[in-house]
């Protein structure tokens, strides 16, 4: 028997597979396709203090081995998430979930995280300082180590769960941002969010997305995400959740060998709603084939 | 008849299609596949002051819709390029080429550019401050606006041809670097070089590339390159050569609508040696279909 | 999600194809629902309305609009497709109506066929208005006629049927309800012109097609709705333009 | 570059396939050259040695090493492949030799077959040593025998033929020259052991396969060489390990 269970700052997951924020809603749609209790955990859609419509449509474009989105953090606001979504989730998911939080000021982040205190089916808080699809706030917190530190510090102070900070790849040096978060008490780092990107409709001579730019995700970004996780593992001591372009079981293993303790799978859920189930089923066999009896042994293996 | 000819700071190209540096050697191998005189121009492999072997092999890895390289500027040195390659090129290419220059100090850049004075089949100098595959120098000049400005200034002073600076996408804000180059007299900007990336061999539990990381190129990066060209067009007045992931005639048009006056095609030449010929043949028909009689009219069209 | 086998591909016009597929049809519950098709070499699936269906076969009609639909049109009979089926709400036919008018424009026509058939089975024979750009684009007029529907075709350039837009000829019929599908401009024109209630089927670029990504959200009088899950069909009363 | 049609696919061992293709063979000039195959869904081409060739057909033998060769193994007869042909220098047979020994290991065996045939046509019948890991991996022993070659097979685990490595059995033959192809470790062992001259065919991860990208460069006594263009065959005298 291969051990698949991993530990994220005290939160034990039965396996390292976590659907990523924004690509799994609140899990409900997927629970109609399969029993999502097999997941290590799942990450809810990004939540802000106030409800948001997000950006105008079109919000989606396609590219080679990838997609662009400019959803812009559509969500019903933290109050609704706490009062309704987190309660409804219990009906089809019995483990703790990950709450993904965004804000347009340090106070908003703090507000949301405070509001999550005492809610026992939230196991971890993922602080998104990397959304490329909102005007102010969002990514701007993630491109400046000082701002990243400020948000982390404020949030860690009020949180009663481990705080993981989710970073943007749209920076010169991601390790610098991560170190700032680590030093202010972040329990872990999630990397990466989407790459800022765009497409143009040549018939209309206009950007495809109403928001002009969007975030690139999917297999196209995998080697960039992998490089960043590898770099982070060298520079920080806290656990890393590896995200970006994972589409198959081999990618999970690469990502963990680069240094991730767990992984998140985003866009692939949108085109193959069963992808996480498939990968969870394939993991033990794949590890056995590689002669590995405990998945924790591969974390950072490529550094040795 | 559709007009395809474009002008790069006084250098007129019969069409905007230019094979990118490092993906076309000195053109010789391709001249065996087709008459490369149909090209607008072509960009020679990156040249440094001293000959270089580059990095150890493996230097190549693959990813979804892309490839990674860590060639590390293998080249015979500027002296050999001037004395031999540039002379031999005349036998199969009768137009001016673009010389791509790299260095490990400002002096080295300056030296190479000075050495190119008076050589009439060099039409343009592309200063590569963005190679992710060399230890010092290379990309480090391209991630800091001050260093970028310094290199540009030194090179512009000694050059007798237009100087275009080639930028790296591995930065938080590419426009900041471009503006630094523009203000020091660069005649144009080339964007983008490769994205720093990696792959891991899960059987060996080791990075695939001997150099650990490499540069990601190919269709996977197209939407990122397009976004950067679009951003640059808003912020600078000098011409932009759009590079990154172009694989078909539609991509050329998107790139020009984003703001590129000409484009470079890199990796695609490696997997389809006829790609530039194919695209040049398709361009007039594609433009006609879009109702465009002069390709210059689409430059920056997506901004209007 | 399921694997479906291509049973036939037939070219209806110079750019429009009709494809029949076999496989598990139990997912599909209502006319106006759509399927989302994985095409080799493309990351996102392509949404197409169900044009017709029975226990064993499903018919889709699609226009070659870009690379994805082009690749689809070149697939071979008996090859297989990975399809997410039974997506969206579909048209609600449990509304009290007696003389419905079905209005389709271009590649908005396909879902109306299965809708017409379903209404027919309920004992209601709808009237049908089909709008196209030009003669060469027209398809399925005879299919609707074969159902016994009163069918009127118009083309923008007048090269076939009546000249003009669907809104120019819809008043030739008596109707107490509209079901429509087509370009947004057409839907808006119908909305503005018709004084009766109705259901309108919308298109939007989609990430998932099953409600997970918020890629397709629009504003309605009753809050934000996902075109893919809460739509594609919206009631006239809730639409905000 | 050209389009080639798959005429047959045959499984030689549990993981090794033999494929014959028809198309323009005029590109191929020498044994030891390779082709570079575009496989749908993969960005880079896959290099494979020419195993045999005549005016109309080419034979390739490949092991399923990863996703690309797996996809290749599942292609159907009569489907088409986009292939760059006639790449690399190939073995130089215009050297003065009388008793050449051909040494192949695993998927380094294929190019030696066409080499043996070419030598044969020149009036020289080579001896052949083939090394595999185990019995189940062995292929083409009979094909070399049918050419009239003296063939010796060894397996690492001794489950077939002689036990051991090719270097353990090569001295069973008299030879004045070696032609080898196989894993780098094997080539190095042959280099160290043999006292005669020879030619060695190398593998490297390739970007282009035709000399444009410098992805495959190695150092030799006479400067840097591109495995794809200046190789894959190097002379013993120039090799630097």
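Which chain is which? They are A, B, C and D, in the order written, and residues in each are numbered from 1.
In this section, a contact is a pair of C-beta atoms (placed from the backbone, for glycine too) under 8 Å apart; a residue touches a chain by one contact, two chains touch by 3 or more.
These figures come from a predicted structure and were not determined experimentally.
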Partner chains that chain A and chain D have in common: B, C
Centre-of-Cα separation between chain B and chain A, whole angstrom: 34
Computed distance of Cα centres, chain D from chain B, in Å: 36
Approximate Å spacing (C-alpha centroids) for the pair chain B, chain C: 46
Residues of chain B whose C-beta touches two or more other chains: 61, 63-66, 218-219
Touch-based graph of the chains, sorted into line, ring, star, complete or other: ring
Touching pairs - complete list by chain label: A-B, A-C, B-D, C-D
Partner chain A, residues of chain B touching it in the complex: 61, 63-66, 68, 143, 170-172, 195-200, 202-203, 205-207, 212-213, 216, 218-224, 226-227, 230, 245, 247, 250, 253-254, 257-258, 290, 298, 301-302, 304
List of chain D residues in touch with chain B within their complex: 1, 38, 42-45, 84, 204-208, 210-219, 224, 229
List of chain B residues in touch with chain D within their complex: 22-25, 29-30, 33, 45, 53-54, 57-67, 69, 71, 74, 208, 218-219, 267, 269-274
Chain D-touching residues of chain C, taken from the complex the two chains share: 40-41
